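Next, two complexes with chain A in common: one pairs it with chain B, the other with chain C.
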Partner chain A sequence: MREYESHLSKAFIIVFSLVCVAFFSVPLLWLLTAPFTPKTTLAVEIPANPTLENFRRVFDNSFAIRALFRNNLIIAGGAMLMVSTVATLASYGLSRTRLPGKNTLVYVLMLFSSVVGGTAAMVPLFLLAHNLHLIDTHLGVILVLTGGLLPAAIFMMRDFVESIPRSYEEAAIVYGASPLRIFCDIAFPLIRPGVAVVAIWTFVNAWGAFLIPVVMLRNPKNMPASVALYSFYSEAGTPIHTLVAAYAFLYGIPVLVLYLLVNWRFGFRFFGGIKS
Partner chain B sequence: MAKILLEHVTKRFGELIAVNDVTLEVHDGEFVALLGPSGCGKTTTLRLIAGLEVPNAGRIQIGEREVTHLPPRERDVAMVFQDYALYPHMTLLDNIGYPLKVRGVGRREMVGRVTEVAQKLQIGDLLQRRPAQVSGGQQQRASVARALVHQAQVFLFDEPLSNLDAKLRLEARAFLKHLQREVGVTAVYVTHDQAEAMALADRIVVMNYGKIMQIGDPLQVYSRPANTFVASFMGNPPMNLLPCRVDLAAGKIIFDDDYMLDIAAHRERWSAAISNGPQFTLGIRPEHISISPTQLPGTIPSQVYAVQPLGGEWLVVTQVGRELVSVRLFQDEAPPLAETVWLRFDLARTFLYGSDGELLQ
Partner chain C sequence: MQFGPLYVSDTEGYDVEKRPGIFSGKIGVAFLAPALVFVAIFLILPFFWIFYLSFTNRTLTGITAAHPEFVGLANYERLFDTDRWMRLGEFGNALWITARFVLGSAILGQAVVGLTIAWFFYRRKGFLRELVFTTAVLAWIIPEVVVAFAWSAFLDVDRGTLNTILAALGLGKPDWLFDHPLLSIIIFNTWRGSAFSILLFSSALETIPPSYVETADVVGASGWRKFRDIFFPLMRGHILTDLILITLWTFNVFTPFLLTGGGPRFKTELVSIYTYRTAFKFFEFGKGSAIAVVMMLINLTLAMGYLIMLRRQKVAS
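Entry: the complex of A and B
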């Protein structure tokens, strides 16, 4: 009887898992098949006669292509550079100074970041950017995104930095190395996997950002792909599935490539169990 | 080569006084061991000399220069860390050569000098490997090699052998002693292992609670501990310390009311230091007690508690009243195992400590 029950619960778990897998994987499957279908619905179907026509039409839309290959790269790349540089230096500094209440500082920053990156701070951020003449500039978008992502990035980097034994730096100090030299020769090479993790995490976040660019930017020419996606909606406001799918397919490729690249180069080694 | 001078050095971490008014001179070319239990301030003292910590009070001098507030790089010191602090992403060559690279020595000269030192330390053929690819003993040598390449006036060792297994530790100990003699450099060596300190050092500084308990050459510290702390820390097994009363008029030391030692013959030695006091501690090393199976004049009875063979010697733990007394016998055959044995203390080698724990006389 008991054995029967355990089989039953096992079967239930398997069925439940399968439902979950299906729930999350069907949209991804749709994204893989739909772009190659001449006329698609929301059903997942393997195209009978696959076509690249959808992609041709997407590439004809110069507005969307510019958004994807220029604006998105600028915004995500800029935020990636900014966040990984500042987070690396900041976490190193935080970890290596005797600053009273530095843990509290990091947690308060974390708390604020959910506001800075979020909807609640949009109005003050807009006013701030307006006064700094950063409205409708990519720099403005990058700075706001950086502000939102930085605390979490510092939090992640800290684990990597804390994993370097103090004696490494102390040995270098005794042998006469300057702080900058210690950072470049010893600390940075050791936390490079962490920098890579933070960089790709930032890139992915900035790559998909919608609200901040749509508020901060004016000129359609400056809009990123998340906004340009709407140019594949018909005048009635309904999405043209084939084109949206094809564009989304292209939109997803860089993130995938970056992930594979970092995974191949460093492997995703997470310290301290933090997987943000 | 230079002497090191610490004068009234104090270091606090918040409420904790890690180093408390330490005054110490290390002579030119001398090998001094800082010895004590963990948390006694020995490592902090070493870090103060290195410049990794700045004292709250007092001054530090290396050679003829005051260095109290100088950063480490201006102190001309080399340090070997407990975990060796070799950089995992660099080869041994780059690790050992790092001090030279920092100083701006050219690559070719660096390689030459590193190779020379590494060959002397028998790790010459491992230079292209990374630290994780060599053994603990080899890492330790690489760490020493890096210190040697630095050609500093002062060598600082922070428990460099504690991460090695027992056999390697003995090997490395001999190697370090040989090396220090050969290079003739001034060295300060931190350890919690009293055997290591005895074996290596010209002088031992025993520390506890941030204070120096005793400074002396190894045999002196061992054979004449200045207080009960040093007596209980030095030696394996440590000195027997028995609470006692002294009755000078009767010429007796009394412990546990029932057990008496006749000190009439040694009265003069102790009379100057003590009056008939309530509380003293009698100290005697286990090897200065002998065991007799029968009662003889001047012996005290005791119960055998445990007999431990140590190979070539025996450790007999006996019970005298409430106290355990260790006796070390250098003999091959087993000692008497009767329930009661009689102990004879070598009175000339006993020490009397006052109620403050300090040696009297």
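Entry: the complex of A and C
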């Protein structure tokens, strides 16, 4: 009887897991088959004669390729450098200084950035960029993205910084090392995993950004891939499914690779421990 | 923001604040300075600027672009014009759609799915758990235009995967985006964002001392009793933190626009989409800012409400 029950519960675990996997993966299956299908179809079917022709045609669209391999790299790379540098410095400063109310400050700042950094602030951010002559520049997009992502990045970064021991730094102070030197030579090497996680998190966020580039950029030459995807729509506004799928496939791959990287190096979960 | 931090800790009651610093306050501020500049320019300044703009008739081009006039509450009066504000494509309609969208996809959707999956895989390791978590995370982090495009194929009436499955089960072929647009974006957003809640709740469950559960096992408590009497009380803080964040994110999310464009006939026009349309299709920056002000005030009220509950819960425990 017990054995029967354990079989039953094992079957239940498998069924439940498969339902979850299906829920999360089935909507994306079409993206795996359509790019290799010669003719347009919305059905998920393994193509009888898989082809790379769609990718060849995608590469003929120099506007879209420039968007993906140049503009997107500039925007996501730039935001990654900015956010990880500024967030690391800030969380280190917060951690090593006695500042009453700093936990609440960071928490409130993150909530605040969720409220202001979303769609609500589109107009002032646009005007701000306009006044600073940053409209239609990648720098403008990078700065605005950085401002929005920074509070959450500091929030994540802090626990990495709190978890490293201070004794080396204290010893260095005794020997008269400057704070910047202590940060660069002692603290930074220890918090590198945290920096890597925050950097990749920022990269992936900026890589997928749509609304901010749309609002901030004018010249098609500067647009990132999220906008360039729509260059595979016909003039009537209907997508050429095979090409959009092929381009979306190329656009999604880096995210998948970075996810696998983080998962392999650090294990993708909530980093550090949750304190209750 | 497309997706939130991978890591949320319950920072209050955390004794790092009481540790002595190794640097003086001045040096600490120097490390913080770049972040403070960013926050001041890109968060605090826009916040006050929105209030100011909402009292003007600022537009993108024309005379009112260079010399906007102060119009008092005119923008707000237009938003809350009671004769028409509940009509399709108006502000009240957008607010009502957003309220149902947040309730459906953040609270009933993501939080419940997240808690169920995290609870189910509690103390279970292995391939199936990895597979579920991986697929959920991918749904969360793939660029939004890509998932929106995949979903428009997925929901296609005739050949879409969903209707192919439903038809095979004899359940018919509903036209999702046309006949059930709000339900479609609720399911879509639940699918998109559940990973955050799954990860948060899984980490929260791991902090619960195994001895509590073992004791409950010894006395033969049922799964539901264990959840109600052990896990739920210990996780209440995490549940509130999760609800705060996903409510704010869902309230501000723009991704459904990429799936439905706000249609058909404004039936999925969330407040974020309404703001975008007003400000960047009609270039009425003054009115767009008035919408943003109302939106931010609602968000701040919600956040305050959750924070008060969080505090009360802390005091109680």
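Here is the rule we use: the second predicted complex is superposed on the first by the 237 of 276 C-alpha atoms of A that agree within 3 Å, B and C clash if a C-alpha of one lies under 4 Å from a C-alpha of the other, contacts with A are read in each partner's own complex, and residues count from 1 in each chain.
Assume a residue touches a chain if its C-beta (ideal position, glycine included) is under 8 Å from a C-beta of that chain, and two chains touch if they have at least 3 such contacts.
Bear in mind the structure is a predicted one, so any value in this text is a computation, not a measurement.
For the composite obtained by superposing both complexes on chain A, the positions of chain B and chain C are free of clash and fit together.
Contacts of A:Pro165 after superposition on the shared chain: chain B is touched, whereas chain C is not. Centred on chain A, the angle reaching out to chain B and chain C in the chain A superposition, using CA centres, is 90 degrees in steps of 10.
In the superposition on chain A, A:Leu73 makes contact with neither chain B nor chain C.
Within the superposed three-chain model, A:Ile186 lies in touch with chain B and out of touch with chain C [touch as defined at top]. When chain B and chain C are set side by side, the one touching more residues of chain A is C. When the two complexes are overlaid on their common chain A, residue A:Tyr175 makes contact with chain B while staying clear of chain C.
Within the superposed three-chain model, A:Ile240 lies out of touch with both chain B and chain C [touch as defined at top]. Put simply, chain B and chain C get as close as 7 Å, counting only Cα atoms, in the superposed view. On chain A, the patch touched by chain B and the patch touched by chain C overlap at residues 170, 173. Residues of chain B touching chain A in their complex: 50-52, 71-73, 77-79, 81-83, 85, 87-89, 98-99, 102-103, 146, 150.
Within the complex formed with chain A, the chain C residues making contact are 1-14, 16-17, 19-25, 27-32, 34-36, 38-39, 41-43, 45-47, 49-50, 53, 117, 120, 124, 128-129, 131-139, 141-147, 149-151, 153-154, 156, 158-162, 164-165, 191, 194, 199-200, 202-204, 206-208, 234-235, 237-238, 244-245, 248-249, 251-254, 258, 271-272, 275-276, 279-280, 285, 288-289, 292, 295-296, 299-300, 303. Here chain A touches chain C in the complex through residues 13-14, 16-17, 20-21, 23-31, 34, 41-44, 85-87, 89-90, 92-104, 106-107, 109-128, 143-144, 146-156, 159, 162, 166, 169-170, 173, 179, 183, 197, 201, 204-205, 207-211, 215, 225-226, 229, 239, 241, 244-245, 248, 251-252, 255-256, 259, 263, 268-276, going by the rule given at the top.
Every residue of chain A that touches chain B in the complex is listed here, in rising order: 165, 167-168, 170-177, 181, 185-186, 189-190.
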